[in-house]
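Next come the structures, one after another.
After this come two complexes, each holding subunit A, first together with subunit B and then together with subunit C.
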Partner chain A sequence: MTHPGYAAARKRPKRDFFPVVLVGPAIFLLLLVGLFPLIYSIVVSFQGLTMTDEDTSFQGFANYAQLFHDSRLWESILHTVIITVVALPLEVLLGLGMALLLLDPIRGRQAFVALLVLPTMISPVVAGATWRLLFDHHFGPINEVLGWITGHEQALLWVVMPDLVYPSILICEIWQWTPFMFLLLLAALTGVDRSAVEAAEIDGATYWQKLWHIELPAIQPVMIVAVLIRALDLARVFDVVWALTKGGPGTMTETVSIYAYIQGFQQFETSYTAAIAFLIIALLSVLMTAAVRKVEFVR
Partner chain B sequence: MSSAARRRRHARTQTARYAGIAVLLMFFLFPIYWLFAISFKTADEIFASPPVWVPGSLQLGNYFVLFKDGDAFTVWNSLVTAGLSTVLATMIGGVCAYSLARYRTGGNALASWVLSQRMVPPIVVVFPIFLLYVAFGWIDSYGGLILLYAAFNLPYVIWVMRGYIQDIPVELEEAALVDGCTRLQVLWKVVLPLARGGLFATAVFAFVFAWNDFLFALVLTRTEVTTFPVQVTHYFGGQSNFWAKIAAMSVLGTLPVFVIVVALQRFLVRGISMGAVKG
Partner chain C sequence: MQLLRRSLLMGVRLAAAALVGTALAGTAMAQSASDRAVEAAKKYAGQTITIVWEAGLQSLDPLNFSGPKWEKLTGMKIKVIEVPTAEMFTKILQEHRSGSGAYDALNVIPSWMPDLVSAGALEQLDSWVDKFDYRKDLQDISPMFRDNWMKVNGKIYGFPDDGDCFIMYYRKDIFADPALREAFKAKYNREMDVPKTWADFAEVGAFITEKMAPKTYGAAFFRDAPYAQFMFQERFRNEGGKFFDANTMKATINSDIGVKVLAGMRAENKFMPPGVETWGFVENLAAFATGQTAMTISWPPYGRWTAGYGTDDKVMSWVPKTQIAGKVGYALPPGGHPELAAGFSLSVSADSKNKEAAYLFIQWLNSPEISTERVQIPYTLRDPFRDNHYTDPYYLSRWPDAKYYLETLKQAATYGLLDLSIIQTDKYEEALRQGISRLWAGDDPKAIADKIAAQWDAITQKVGVEKQKAAYADWAGKSAAYPK
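Now for the complex of A and B:
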């Protein structure tokens, strides 16, 4: 007597449509939002389309050549890199510090963790809006507190002054996403094999020796995954900057995502936007491949 | 070290830790407090210098205005689009994950491809999708936004649920097959009840991702299905901002998420890390 079980299904996979039917709807939707835009972007990036001009003639690499002469584009890439390179290490360090602070049992630990994680759950637009209210030069509490510390009234134009826009964005970004790092690293540290740590303690290892030689190496895979996920998030940063500065003053804080948005939806450069989209994919592909590999490895 | 000395040292460490935690709570919670505080303030209190640290009363005028003008409808739009897209994503993502986990459909290649879809920046996708939606007449429709959110959440749902189903012992399903169940019945009567916890947690996070989205809603809506994050940005003016509305609308859009966090604490790690890291 045979049963249509898994063993049977695995032996003759070619005649079995059941697993394929289950996968079908999901793959269809993913192709619609994953593959269609990709193909569309490739085709259109070789044409001369704008929203007002339906020029579908083949333009060769004209749009791609234009990429290299577009200083505003490269500046927007630089802005994105600056935000990423400053925010990411700070988030990791601060997140690690927080995780170590809350690792050992302490009364109220669970409640503290839940409270500290709240910023990460908020919509990035709301996070940006909140910090805009805090940063207000006249009615905001930040200048008020700075006034107490410095002893005379402060009226710093946080999200307007060229010197202060990046600190504003970075503070908001770090505020929102350090809890994400914290949560992941805390989970990883909790999972570290206690017997190795205790053995080191018996051998007289100090706190820092234990951390450096046992705990950090043990959580390294998780740390790498967390950094890669956050790096990809930062590379696409849009909402927070949009809510805080809209890319301004001028184009000073324009990120790649904001620039692509402006080209596509305000300048209506259809074909050129497609070329930008392709450049973004190309630039991020290394990071994306690494992230996919690592995430699979850790699981 | 004597035990008394060790106890004293332990007490000192704990005190220092509490001090550190207090500083952290201050930094991470004060902005949220400020948002809530402004939403309860009167105009005089909002535009006061030095700032009013605690609102005089819990007056709800700022909220009434949002409901009276119909702005609060955007929260309903968020609820509909995030809610229905989550149902769609968990349903078709769940069965897809089952197929990937148990039958290894498409092997590792398909699973990797699904995961890589999560890494694609939305800005790359949104422009072609916008033109597609214009052609189909889907701009500013519930259906269009729901479909996109569902698709956007699928890689997350599939990836997490695949791991979850792999952890369920296969013997139960085999026993059900021996007892004469069809494979569809096994999926419905054996796997679904066992996977309910994971499915629920996954759904909640898919909901939060869709709920918090800004870019897709900004591009694909006009007036009818505007979601709350887009509405918040409407209150920013060139010279002056509508502070009371920004705060009250933000609070309306944030409260549901906070309720979820408190209710689902134990799922947080697994959900937030897109299942990349076992919690």
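Now for the complex of A and C:
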């Protein structure tokens, strides 16, 4: 015998479609603007499409096969890696240092923090153009200041000479994005439980011991997120390098984003550019998945 | 008697009618190309023509002068889309691919025309040229521009509208300095004349730097790769270089001549102002206009601005004030065959929804009457390109040496060399630009030339050797492809 109440409970409730009606258009729109370009790009990457002719025939995996023989592409990936592995640790270290310096309340701290994060608010291409002016051989103040320091006129060609182009890009990149790191780490450090730090102080821990064993582990999740965000940003760095060197001299500082741009919008190799885009997506997905697993961030 | 009077009256009437008829017919015959365009365009009054124009000073022509004037004459409006030069080709192609019909008329660099025509982006103009009786007016365009910047496969796709060419500017006072000339003669056992060869140029430039730097250096050029690649193209051919083996389509840019030109370009930087490797159009102009350099090579506006012509206009406030007005001489660059670098032709977009109206606007712009006014607007960078521009009395009177300036421009238009224009030219130029930037970075000229040649061969393979061979044969067959 079935209890009448149980039968009522088992009765399926009437489905309410109202929420679906509400979110449906938004989901459809998201799929349209998000999924359609993705699918379209996949299709294009198997064609032989260029902007200068009408040929839309399928080429199989020809574009993907070409990726493996394109030395300029792999060089551009290497350049991107160089910029990332140098800039990222420096941004973390400098950002952390600045955050630690400004952790304790000092007079005018808020204004100082606001000023320090200003570079992050500037568009990267404007930052690049500004630094190009600063590095200018003729009118730029950097050579001028170096001249004062060294006592003789400096004629450094920052965006031309091979041994100076990477430093100039890195200086600009680090100048602009260290404040981002600083801001996140400052917020994280501010949230660290002070009682644990005070207990360690009572136990006689040094400044470095407190930092290493208490504060850094406490801010690790935020730091990892910040590093991942910046790593992704650096993996697609374009504006600063374009404004400073346009990837030159030759292709010496050409990043993978610049190479993809040149292929797509200067050389009009539409299908090949789509293949490059998917290679980048694949590489970054593998790297990011590995990174997330490594730090066990997903737990 | 009455009969006689009647006959006389009839005769007078007939004669008067004949005179009026002849006068009317004469008026119709004499109606100019610009008038014909205006009359025909009146039926489009109220409509808007969108035209792509190079961003910056160039665009002030349709914005401040020709656009408002056309609107007043026809009632049509002109909307100007300003696009930086480096993006014009891309924007035009993108718009064509999207098929939006957003552009009606276009400014195109002539070396792009084969690619744009092949992509179907440009409208053929022949039928309108005949309909509006413009063919004879095209004959007044300087032959070099008319024969090379107008047609693709024998059909008209653009009206040459900007007589771009490189000419050499030099300081007359420095070359006339008796002490310098004497010292030069003592050192080189010849007169210090304006260089006619690149070997002369290297000697004269180095000598002036030795005697006058840092106040004045022997020379400077724009060395930024997009500009410098034009200079390489010019110099390479003046020295006897050929871009390709016409039989195999293998790149021959890494020949001894190519390596010599690259090495020579870098060697000259030593007597140019420090940092010249980064100089573009403005830096080079600033140095010459303020007396820091004795020679330079550039497009025609340098000649007007260093003479002080039109630079008081508010929009020209960014142009460095000339300190050398009256001291500038004009000559063809060493080798005698200057690059007709870039230039612009006026075209109609194949996707325009208002093609005839767009055509009429560009006919009017390009007509002898209106173009003569436009090439004298100091701020718009449009340079003489019609025979009458070089002899226009008003232009000749613009500044004391204008006569010599216009004579030199006419010579440049006569002896100039075309930019390389084959299928996907920009890819070849991109390889050149990269090579030149590596040259300034200190790479070995031979290695650079070999790499450019390898890149060119790869591009040719991708385009298709036979296809590119035909395009190259077509281009190389033009009178101004290589020095004769």
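Here is the rule we go by: the second predicted complex is superposed on the first by the 261 of 299 C-alpha atoms of A that agree within 3 Å, B and C clash if a C-alpha of one lies under 4 Å from a C-alpha of the other, contacts with A are read in each partner's own complex, and residues count from 1 in each chain.
Rule of thumb we're sticking to: a contact is a pair of C-beta atoms (placed from the backbone, for glycine too) under 8 Å apart; a residue touches a chain by one contact, two chains touch by 3 or more.
Just so it is clear, the model here is predicted, and its values are computed rather than measured.
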Which superposed partner A:Gln267 touches (first subunit B, second subunit C, both, neither): second
Contacts of A:Thr206 with subunit B and subunit C, given as first, second, both or neither: neither
Most subunit A residues touched (candidates subunit B, subunit C): B
Partner chain in contact with A:His138 - subunit B first, subunit C second, else both or neither: both
Touched partner set for A:Thr251, first subunit B, second subunit C, both or neither: second
Touched partner set for A:Pro162, first subunit B, second subunit C, both or neither: second
Which of subunit B and subunit C A:Asp53 touches, first, second, both or neither: second
Partner chain in contact with A:Val117 - subunit B first, subunit C second, else both or neither: first
Set intersection of subunit A contacts, subunit C complex versus subunit B complex: 138, 265
Sites on subunit C touched by subunit A in the complex: 90, 93-94, 97, 115, 118-120, 225, 274-275, 277-278, 283, 424, 426-427, 430, 434-435, 437-438, 440-443
Interface residues, subunit B side, partner subunit A - complex: 14, 17-18, 20-21, 24-25, 27-29, 31-32, 34-35, 38, 46-51, 53, 92-93, 95-96, 98-100, 102-106, 108, 110-112, 114-117, 119-125, 127-132, 147-148, 150-152, 154-155, 158, 163, 170, 173-174, 177-178, 183, 187, 208, 211-215, 219, 228-230, 232-233, 236, 241, 243, 246-247, 250, 253-254, 257-258, 260-262, 265, 268-269, 272-279
Residue ranges of subunit A in contact with subunit C within the complex: 51-54, 136-138, 155, 157, 159-162, 248-252, 262, 265-268
Residue ranges of subunit A touching subunit B (in the complex, touch as defined): 3-6, 9-10, 13, 16, 18-20, 22-23, 25-27, 29-30, 32-34, 36-37, 40-41, 44, 98, 101-102, 104, 106, 110, 112-126, 129-134, 138-141, 144, 175, 179-180, 183-184, 186-188, 191, 222, 225-226, 229, 232, 235-236, 238-239, 242-243, 256-257, 260-261, 264-265, 270, 273-274, 277, 280-281, 284, 287-289, 291-292, 295-296, 298-299
